[in-house]
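Read from first to last, the chains carry the letters A, B and C; within each, the first residue is number 1.
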Amino acid sequence: MPLSDVAVTLREVSRRYGHRPVLQDVSLDIGFGEVVLLMGKNGAGKTTLLRLIAGLARPNSGSIERFGSVGMVAHHSMLYDALTASQNLAFFARLHGLPSGRVVHAALERVGLAAVHDQAIATFSRGMLQRLAIARALLPEPEILLLDEPLSGLDDTGTTLVTDMLKALRDRGCAVVIASHQITELLPLGTRVGYLVRGRLETPEVLTNKTPAEVLDRYRAAVARER
Amino acid sequence: MSASTFVRASLAVAAKDLAIEWKTKTAFVSSMVFAVLVLAVLYFARDPTSVATIDVAPGALWVTFTFAAMVGLNRAFLLERENRAMDGLLLTPAPPTAIFVGKVLGNLVFVGVVELASVPLFILFYDLPIGAQLPELLLVMVMATVAFVAVGTLLSAMVVRTRFSEMMLPVLLLPFLVPPVVGAVQLTARILLDRPLSELAGWLKLLAAFDLVFLTLSILLFEATLEE
Amino acid sequence: MIGRDAALRTARRGGVVTVLALLGLAAIYVRALVFTPVERFQGPAQKIFYIHAPAAWAALVAFAITGILSLLYLFLKDRKLDLVAASSAEVGVAFGMVMLTTGPIWGKPIWGTWWTWDARLTSTLFIFLLFVGYLALRNAVTDPGTRAAYSAVIGIMALVLVPFIHVTVYWFRTLHPQPVLVKPSSPSLPGVMLVTLLLSIVVFTVLYVGFTMQRYALAVLRELKAEEVARAVS
């Protein structure tokens, strides 16, 4: 892979929370146009890894370099309950220096929330919030997109909508990292898969013609190796 | 990052906070109820035969302002903690300092409105004929409010991420309020008694110095509170 | 971060320093009670002065060091600085308690009242409370990195606040429309008493150093223990 194609580089990154080591010596290169799936149990360090890549947390040791703007969809919506869907997006658009009106409307259309644009999001279902959070993350058209369980709370329509959007982003050259255990739906998108076990990550392997069952077997083998 | 983007980000944050407050009105209503209660309780907490209202009025006013402001300040960063909106802010290109300045501006407007709404009640309850002195009183209000909003906003950014957050803010904030509040009470007392301006100069300078030093310091230190 | 052995060494050395200071303290007691003349107006009650004033001195030194280390921490991000700052604050609060209990005991027979809103009393009370708040905040944050950053912020703010508090309470008294209270500057003591006081200040400073070294060693050992436990669990 030529160097200019690298979106994110992690070198021997370690991170503790409190006194607990959460990530240990993680090294990873992510290229533009790639979708890296991260598999791991709760507490394996997926969320921490994404936060470190996003720059929201700093590693205790090791280095992280980003070569593009970052968007992120996390477990929390990062939105304000009291505001409506369009007020929320308009606010973030302003912080990104975007003209709020048209951009916001287009973003709401894309995730199928245009009809409820003037409702306070406190009334939204988990799936609607997830769609809005994705719209928020995509507002500035980030070059690197980080997603933590992006399909949680989504119904079948939502899942299709989101996977189609991610596919389009990948084809446009966006670097995407997805932490999830809903591997069946996401596998067709992925270019590589990495197994995160107890804070350690083996170099992600290329996903070509792998069935979900094979991937799960490989994951279990990785878990067994860490014991 | 140009100056205008900085200002735009600050204003966006302030406007967003005020829009949320405008919709919910919870902090405003609680602060106002609180203000009325404190004003009333302090009025009755004196012996009317031996203590004149004019002697307790300045203290009552500033105790009211302090505690009413605390209700609002506690909320300022709770909004950002809910749904982890703070992460969303930090992921935008807006500099953290601009976000902090926006929070300070939002809080200043909030506390200012609460104060302005309490002043008529104060005049009414304590029966003070102070029409002519209002401009001077407003000046003191602005200067003291800048002081405790700057420090309070910085502290609330930290306190919301601690255990017992509701208790921590007053414990940490009150010592910092000693200079501005004592100064404001002294000034208010002199203003109500219609003393000459020369008697105000010293305390006004102290308030101005406090504003300048702590506004700068809190802006500089805010980034350190984001450490994760 | 220093290791277990270094921490234990610091604890031992701190212990030696403390023992020396305690011996010095005993000597000061003897000197103050036996060899220093009884103050003419205050009588034997004045003897408590040789504890009260040095305790106040030690507390203020402790708080100043906490503030300065806080500032250094923000630039150097060295956990040691944070732990020394915290230890210093805790020892300072302990000395502050000594100051705040001996003060009224001295004040009652001399001033005829347990407490008075004199400028120096008032400002030391506020500064004491400031550092009690500092310790309360430390207690309320679990992550060591966050705790250190927050503490450093408060430490620096406190350092800057102290002169403001001092000016405020001083003006509050002296600019008050009542007859001006004399600024309670240190009474000009006769030579023997002054020497006793100065010796006592030295002893309390050494005592502060000894306590802080031990408290710091304890803090390091606790951190190491917590890390060990966390590693065993995960």
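For the reader, a short list of remarks on this structure follows.
As a working rule, contacts are C-beta pairs under 8 Å (C-beta built on N, C-alpha and C of every residue); 3 or more make two chains touch, one makes a residue touch a chain.
Given the structure is predicted, the values throughout are model-derived calculations rather than measurements.
Relative to chain B, the chain whose mean Cα position lies farthest away is A. Across the two interfaces under comparison, B-C and A-C, the one joined by more C-beta contacts turns out to be B-C.
Centre-to-centre spacing of chain A and chain B amounts to 39 Å, using the average Cα coordinate of each chain.
Centre-to-centre separation between chain B and chain C, using Cα means, comes to 31 Å. Between chain A and chain C, the centres computed from C-alpha atoms are 50 Å apart. Shared contact sites, meaning residues of chain B that touch two or more other chains, fall at 227-228. Shown for chain C are the residues that touch two or more other chains, namely 142.
Shared interface positions of chain A, defined as residues touching 2 or more other chains, are absent. On chain A, the positions that touch chain B within their shared complex are 51, 54-58, 69-72, 74, 76-83, 87, 91-92, 94-97, 120, 136, 140. Residue ranges on chain A touching chain C, taken from their complex, read 16-21, 198-199. Residue ranges on chain C touching chain B, taken from their complex, read 74, 126-127, 129-130, 132-133, 136-137, 140-142, 145-146, 149-150, 152-154, 156-158, 160-161, 164-165, 167-169, 171-172, 175. Those residues of chain B whose C-beta lies close enough to touch chain A in the complex are 5, 8-9, 12-13, 16, 19-20, 23-24, 79, 82-85, 87-94, 227-228. Contacts from chain B toward chain C in the complex involve residues 151, 154, 158, 161-165, 168, 171-172, 174-176, 178-179, 182-183, 186, 202-203, 206, 209-210, 213-214, 217-218, 221, 224-225, 227-228.
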